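Right after this note come the structures.
Two complexes are shown next, each including chain A; its partner changes from chain B in the first to chain C in the second.
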Partner chain A sequence: MSDTILKFQNVTFRYDGDEGKILPPAVEDLSLEIKKGEFVAFLGHNGSGKSTVAKLSNGLVVPESGDVYVLGMNTKNEDDDIKIKQTVGVVFQNPDNQIVATIVEEDVAFGPENLGIEPSEIRRRVDEALKVVGMYKYRMHEPHKLSGGQKQRVAIAGIIAMEPQCIVLDEPTAMLDPEGRRDVMKAMKRLNCELGITVVFITHYMEEACQADRIIVMDDSHLVLDGTPREVFSDVDRIRGLGLDVPQTCALAKMLKDDGIDIHGDSLGVDELVNSLAEILNRG
Partner chain B sequence: MLKDITIGQYFPLGSVIHKLDPRAKLFYTFTFIIMVFVSSNFISLALCIACAVLIIALSKVPVKTVIKGLRPILLIIVITSFLQIAYVKTGVTLIDFWKIHITSGGILQALFMTLRISLLIVMSTMLTYTTSPTSMTNGLDRTFAPLVKIGIDFNIVTMIMTIALRFIPTLIEEVDKILSAQKSRGANFESGNIFKRAKMLIPLFVPLLFSAVRRAYELAYAMTCRCYNGGKGKTTMNALKYKKCDYLVTLLTFAFIAGVVVLNIYCGEYNAEFTFNSAV
Partner chain C sequence: MSLLQTENLSYIYGEGTPFRVTALDNVNIEIEKGELVAVIGHTGSGKSTLMQQFNGLLKPTSGKVLLDGEDIHSSKTKTLETRFRVGLCFQYPEYQLFENTVYDDIAFGPKNMGLSKAEVDKRVRTAAKYVGIPEHAFETHPFDLSGGEKRRVAIAGVISMEPEILILDEPTSGLDPRGREQILSLIKNYREQTGKTVIIVSHSMDDVAKIATKVIVMNNAKVEMRGTVDNVFEKSDRLCEIGLSVPQITEVFVKLHAMGYPVSEKIYTTEQGFAEIKKLLKGGEALA
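Right, the complex of A and B next:
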């Protein structure tokens, strides 16, 4: 119990349709548990319900049926609202729509200020958060003059400054160029490794998902696969059937295997694949 | 290109005036505006002018820029002067030709009004020239914070101001994008009469409005995630602190009020004839 940070129990949720129309559920009968310190990726094509999971995870929306627990606190209980939002922070896709203030460091201070923390402590947290995401030297800049990746890292710093135990990122890299994507990925890994923060991120990019400890795949409002990247990507046909890509290495291994070449089924990393190919070639 | 516009025309020059606490600046600006109207003769107005000149000199803002700030109200100055000259009939008659009847009183009154209006504009633009939007909102926030006791929560107003300032560049960028998108679909924003052009703005503003509303929703979620609850129990990282020079400026502001009042009493009501005769 104590090492579970986030728990979904038979959660169903649907958005309100126009003029009382009933929409199909965005998430249906979802049950999962996320443990402290995990680095989890959510995969799924558009409309599979993964963004809704982000909003459910800290009570921005509450389930129609079933319950979401954050450290044992039910998100339906409004008395725990502030505590829940302090424990689980959510970062969204568009950094432009998350930055509140006109100066980077004041934006990062926004969360702690709302919590009523002492000014000297806010200063310490803001500096630390900006250093973790590598944006310290931009602290006096205006957000609109930064690149997309930089803005997204400022948005992440804004959440870190509240010292949450878990961060949920809803496609934080979707609007970024490759360089911005790399920087954000690096920042997320640092949070997980150095600060021990549980990181849950939603993504479209298989290469990013591969770097997680655990991958959860959603399709049509349901959870369909849950396991390590190795397990999840071992079944290439299944993943493709869900309208998703597999990492290029897995795709190549699969093609070779289909041609009758005996290669390990789970060649996830480039090095790994190179090694197994070299082995086969040496064998002649 | 559109990205580089400055909001509120702030000149980051780092002068003594720039470094003052925004509350001190707000206080002297509002005092000044009131005192300009309280001044009832040319001598107390001269004191106001002296103060304005001192502030401009200390702020290092180029005089040219300050004068340029008067351009938008040139028409107002001309109309007011004209009305004063046309209707004030006191003092010595200077020109009496056909229906034109200009008196010294009219001229002096016109001059008096021109000075008043110009001082008003100069001092309020000096406030925005020397105070960054952020520090201005901070200053307003702290100045009006006590109003919570009578049920007016100024925190929400400053939050709205901050968000507006934050989103102006974002929305300008968006306008740029929509403009290009519509142009690439064959829209023509540059030709036709004024009605046609106004109509062309519909495909610009409708998408802009939609996107602004969508942004507002997302921003609301993001602010909720950061425990925003309308500013209750909020602290500030960069708390404003009244320094020695701020106290000094506030003291000088009071001295200025006293000065104008004393000059008003001693030099009497503004008297066109007297002033004109002594001037000659």
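Right, the complex of A and C next:
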């Protein structure tokens, strides 16, 4: 129990429909546990329930049935609400909707200010958070003049400054260009490796998911796959059947295998596939 | 004469203020009839500004935009005509749906062109077919559709105006792989069936590799490269330097090539990669 930070127990949740219409559940009978220090990616096509998981994870919405526990605290218990939101911070897809101040460092300070933290401590946290995401030299800039990737990193710094133990990011790279995506992934990895923060992120980019320790795949409100990237992407047909892509490297390995070519080793990343291909080419 | 052409086109935002930014700097490009042009570049490189120049939403600070060799700002009538001939579909166009039914939303553009009711109806049905929206969905409220469907309705709203040049700004961003695939194949089919010119702005190099006949790379308000997918992607190092990337599979073959294996570096899709490996293995067998 003690090393579990986030626990979903038979969670079902549905959104309210118009005029009392009953909608199908967005998440149904979902059970999962996330341990402290994990780096987890969620995959699933649009409407599969991933974003709802993000909202459930710190009590922005609470289950219709079942329970969500953050460090053992039930998100339904309003007395623990502040503690829960301090423990799990959520970053959303569109950085423009999450920036509140007119100067970068004031924006990052917004969270800790609202937690009633001492000004000197806020100063320290803001500087540190901006350094972690590589935005320190922009601290006096106006956020609306930053690029998308820079804004998203400011939004992440705003969450880090609250010193949560877990950060949940809902498609943080969806609106970014390749460089912005690389920068945000780098920042997320630093949080995980250097600060030991548990990172849960939702993405449609398979190359990003491959960098996680663990991948959870959702389909039609249910959890359908849970394993390491290697395990999850080994079943190429299954992943495609779920409306998802596999990384190009896995797809090529699979095509060669289906063609009767004896390809060993891993094909998850560029370097792995280069080695595997080099090996079969050497064999001739 | 090119269908669409820019001549020393420059555009500056906020001229005369402290916030002066050069968004386009002496851009010269030509787009021919029937091409599928992909414009790529990092955020802020000037891509979207260029698109807004193409249909006359913005006026050049200096230089010209020529449609069929004629300056699109030569007269008010000409500018207006350009707006109908060059259809622009903005990024996240689904946020611009506003009518009460799918049908009305697709019909909005052609209605404003002053077409007859019968012609509007014909165009709505044709456009809906291109984007794969079935007729039984015509009376649905656009807000009841999924993200990918909404986007297709929004694209149909531009197609229904039958522009000679269709411009789509980031048509696949924010969609899941299934939605992305649908949009890409509809763009491809639309171009093949109508023979019209399509310009897409994209951050996804995989998408570009799949459908473009010509690629224009923008960097810091200037044209950095132009050419076929081959011409552009072979400069993978330079693309990374300016904040872009090449498809993952291209990286694999560039590395194999650098290691001395006789593979082509011009591999952008898994199918091409598969064929390349097969070719080499066959060659090897023949030698043995």
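Criterion: the second predicted complex is superposed on the first by the 282 of 284 C-alpha atoms of A that agree within 3 Å, B and C clash if a C-alpha of one lies under 4 Å from a C-alpha of the other, contacts with A are read in each partner's own complex, and residues count from 1 in each chain.
Simple rule for what comes next: contacts are C-beta pairs under 8 Å (C-beta built on N, C-alpha and C of every residue); 3 or more make two chains touch, one makes a residue touch a chain.
Every value quoted in this text rests on a predicted model; they were computed, and no experiment measured them.
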item	value
Contacts of A:Leu23 with chain B and chain C, given as first, second, both or neither	neither
Partner chain(s) touched by A:Asp245 [first = chain B, second = chain C, both, neither]	second
Contacts of A:Cys193 with chain B and chain C, given as first, second, both or neither	neither
Intersection of chain A interface sets (partners chain B, chain C)	none
Of chain A, residues touching chain B in the complex	55, 58, 60, 82, 85-86, 89-90, 92, 94, 96-103, 105-106, 109-119, 122-123, 126, 142-145, 155, 158-159, 162
Interface residues, chain B side, partner chain A - complex	3, 133-134, 162-163, 165-166, 169-170, 173, 215, 218-219, 221-229, 231, 233-239
Chain A residues within the chain C interface of the complex	44-47, 93, 147-149, 171, 174-180, 204, 207, 243-245, 247-249, 251-252, 255-256, 259, 261, 270-271, 273-274, 277-278, 280-281, 284
Residues of chain C defined as touching chain A within the complex	42-44, 146-148, 173-179, 203, 205-206, 243-245, 247-249, 251-252, 255-256, 259, 261, 263, 269-271, 273-274, 277-278, 280-281, 284-285, 287-288
